[in-house]
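Input: structures, listed below.
In the two assemblies presented below, subunit A is common to both, partnered first by subunit B and then by subunit C.
Presenting the complex of A and B:
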């Protein structure tokens, strides 16, 4: 219960930050959109401006604004996009599947690969193999995602020509009717998403590898590993059957913690590969100064990160008998 | 332990090289990086060693001046962020009255996803260099505020702090003379990590289009190149894409190599005391 209330308070803080940020920061967001503001990107007519002001209740007291903002949020109302004249929630629902599939695939991939590398590195800590694996995966993860993405784009799409240069699916493809059509469409999307997912996966591997490495190194002299060896199992069997299940724990925790980082990465990677997900939406919103979209992206990603962290702690509590008894 | 010191030296030399280039950029650059000089999108010639971009600006000069803006952002962000980390960490570790509030704020900052927040704030207040420095600095202090606080908590229970208290040492005296020195072991790590974070973030933001309109920077150069939907059908693309990306990658790897000895190697205090 204490856990739930702590996360509810954090979520409320995020909502409040989201509400007060544009109102506290210097400058009027609508100024940017109307002609007389600094660097106006989208000229806004006086009537359109009045409409937006009425929509956000900007002529009323802060208290009333907050009330209508909160009740709107509860109804799933995230505001109106300035550059696309459509509700932000519709735009987001349209694009969510792209980003979600990218996130899930890359998180699972980097957890699996990272666990493998970490196990190999931490099995004999301090050896040359350990140092080499740890430092090289560390180097890979230090590279910004957009550089990795450009590297893969240059290698896989421009150089080898194995993968498409941009987009989430082939435009003007043949009709996708029937079973074979759907199957072909799915393959087409998978083909388009390979490089972006690989970019995000590579970016996340080192963090998983480090966590697994440290956890594995900590297992070294556990009596049950000694017993497994004494039983006559070879090292591979000891590692996979006896050590790996014990790593599930730190890996689960970390799976949740990585979400925030991967979200940021997805934003950038979608821009490089022109995947029509939330990241590209955000990128286009920057250019158009469409701050309701950016606000919604910030709100949703923060809440998603908090939700996942909460779920991970719940799972943790169920799995860990010592923590359960303390509750 | 053989490979590590060498890489650390390589990283250090590279970093010093970048700083030198940034300092003497106007002398080194063959042209004005903003001046449209010749035909746009020209492949390398004797006059333009790395060619020109789509506005006819000299790519080599932009690359050299880019080092300057990247390092200005990196140095300012690191300086501000380090000071805030230490102020919050020291205060939260020693002054019980503010501990709860400060740690609550720290946790909130740690929980928020970085990039969406930065994008939102910079779009609202405008992506000038000063704004970018402030936003990056204000988002990068929490992790080390926690580290500093944990070191302070260890130090505050030690006999020398007890003794200083017993002899009537004031709070500020104890913090400056006894607690601050106990936290300086992690200072080099903080400097390296935050520098890398700032370079990483500045390049990423500029790539996403968040840089001041007239700014010359590596991320902005990549962004400009990628604005052209037909980029890869032009034979000139390597000259537009590769120089800035290689520069960013090299600078970041340099910070990784410099830091490699700090995080896993011997404790920094054993080599030479900071100060």
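Presenting the complex of A and C:
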């Protein structure tokens, strides 16, 4: 109970910070600049601006705006986007599946590839194979995300023409009714998400590889591994049947920690590949100083991290009786 | 009351057109039906007057395909549209419009004078941000005509309000108290040549189909799609045949696509302006000589050629771009002349702050040019909203900006400095000159085109002498298109208030 109340207080602090943070940025949500030289042709007379300020409560005191925001939150109302004239909750519901599918797929890929590399490297720690695998995966993941994204886009989409140049799906494609249509739609989305997911997956491989490598290296002298070898199993069987299941705990913990950050979006990758996820929405909202969208996105990602941390603490309490008694 | 014919309107009595030297008609006189036109345009939100995005000009152009206005513009000037003719009272206060009898809405209901009167009344409570319609006192339907009374004479009314304000169906909106959150299925029902068939808000894509019942005839482009394409992918997407029409501000696309037999490049009139806003209340820029010295010190031709990678269109000191209807060709101009700049500064060494967007490359080129005459330029690179905020607060000396909206009716020259426009590029307009403001007020109320032209030309002379803003150069936009699918049309002074887009709805109509 004490744990829960601590997290509730923390969540309230997060709500307040999320409210004030966008308002601390210089700029005004009614400036409507697209900043590309074509922007800002809107005349926006002083009286029209005053009407819009009143409509979005921007002319009210900060306390009143905060009160409206909090009462809206209690009703589950995230407000109306100023730059898009659409309910923020609708925008998030539209965009969330894109970010989730992109990041979950890339996370699973990173975990699978990273675990394989880490297992292979840590099985014989200190050898040339270990050094080569560890350093090469580290080097690959050290490439800045935007460079990797641009490189893959230039190679896979512009150069070879195997993948689309932009977007999360083919817009106005043929009917997606029926099983064939759904399958075709799924394949189309997978085709669009291949390069962005690959970018994120490559970027995340190294961390999983290092965690797995260290955990694997620590298993080498476990008596049950010696016993498995003594039974006559070859090294491959020992690794896959006996070592890998024992890596599940550190890998799952690490996976869970990364999962908490998923809702933060993949800003750079979504921007480069024009994937209509939360990252791209946030990027556009920052440029437009769209307070309601920014508040909602910050809130969502902060609460996701808090929720995961809360769940991890609950699991630890289950596993560690001393912590449970302290609570 | 004076009745205006189409010829008179084009000739300029309604406070608009003067001469048309820049008009370039590229539209093919084709009657062949085009099944599909795919345009790389921005996500502009739900395309109706209240929910369309106010950022960038993509929204109102999209709205113009779905909704009609009282007047419109072709390549030669203002033309009648929903209003077949109109008359103006001698005092310039009352406008009486005759409405086309055959116009019908997308849902089959006739579009009547009641809808026109309702539209202007409704906008007084729920403004359409792309037009300053608050000058309208009342709009009343009288038989087959609509009588619009203004609060004051306004010479730009026919072009800037009559030609921009979308006419909305009364039966859709009369019961709607909050049009920003209205979700009715008919919220994009207009009477324009295209019907909104589908909007994909996630991908920012639109599918518009030709309105077969359109009162001016069925459009020749059967389906118009607008798809959000990132700027970096535009050239590749057009090359691959995924897009038929797209724009680029960079002249190098002409070279990149030179070997492409399918695609052509259309150069728009130079309706984009790159300029420095000057805080004329802050020393040392409160001295005219310093402002003139800066203008002489900058090699604007070199800056323009370096940035646009194309032929330079050095800016007019009077702000109004060359090749546009209101341009005064007889102004003091400031040739690149460092010696003259040093002479004006009389050996003084100055340090001046410039607020600019972080991605603007022009300031880097300006630093050594100004250094050469004794001015140290300190560039404060910020993001666009921060720049606008600093300019609004007057917390700047020079402000770098680039925008459009300088090709249409010239009343913006008054509105910027009168504080009537509160948009991003009007920020930083700090200039107190009684004669200039007097001329501004007078031209805004003058209906006689020749008389108004003289007033606007004099305003440009003052701007050129006083330099409250230093125009660096004007940019064209390069429209990549497939001529088999689309023939661009250069609108007189740009669409609406100077938008250099070639897909004027006339270019999509049969005739």
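Here is the rule we go by: the second predicted complex is superposed on the first by the 236 of 327 C-alpha atoms of A that agree within 3 Å, B and C clash if a C-alpha of one lies under 4 Å from a C-alpha of the other, contacts with A are read in each partner's own complex, and residues count from 1 in each chain.
Keep this in mind: contacts are C-beta pairs under 8 Å (C-beta built on N, C-alpha and C of every residue); 3 or more make two chains touch, one makes a residue touch a chain.
As the structure is a prediction and not an experimental result, all values here were calculated from the model.
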item	value
Contacts of A:47 with subunit B and subunit C, given as first, second, both or neither	second
Partner chain(s) touched by A:287 [first = subunit B, second = subunit C, both, neither]	both
Which superposed partner A:298 touches (first subunit B, second subunit C, both, neither)	first
Touched partner set for A:146, first subunit B, second subunit C, both or neither	first
Which superposed partner A:158 touches (first subunit B, second subunit C, both, neither)	both
Contacts of A:85 with subunit B and subunit C, given as first, second, both or neither	second
Which superposed partner A:276 touches (first subunit B, second subunit C, both, neither)	second
First, second, both or neither for A:94, with subunit B first and subunit C second	second
Those residues of subunit A which subunit B touches in one complex and subunit C touches in the other	25-27, 32, 38-39, 157-158, 165, 287, 289
Touching residues on subunit A, where the partner in the complex is subunit C	25-28, 30-49, 51-52, 55, 80, 83-87, 91, 94-95, 98, 157-158, 161, 165-169, 171-172, 274, 276, 287-289
Interface residues, subunit A side, partner subunit B - complex	10, 13-14, 17, 21-22, 25-27, 29, 32, 38-39, 131, 134-135, 138-139, 142-147, 150-151, 154, 157-158, 165, 260-261, 263-264, 267-268, 271-272, 282-283, 285-287, 289, 291, 294-295, 297-298, 301-302, 305-306, 309
Parts of subunit C lying in touch with subunit A, wherever the complex brings them together	42, 45-46, 50-57, 126-127, 129-132, 134, 160, 180-181, 198, 200-205, 207, 225, 227-231, 233, 236-237, 240, 242, 247, 249, 272, 274, 357, 382-386, 388-390, 392, 402-405, 412, 415, 419-425, 427, 475, 477, 496-499
Residue ranges of subunit B touching subunit A (in the complex, touch as defined)	3-4, 107-108, 111-117, 119-121, 123-126, 196, 200, 203-204, 207-210, 213, 222, 226, 232, 237, 241, 245, 248-249, 252-253, 255-256, 260, 264
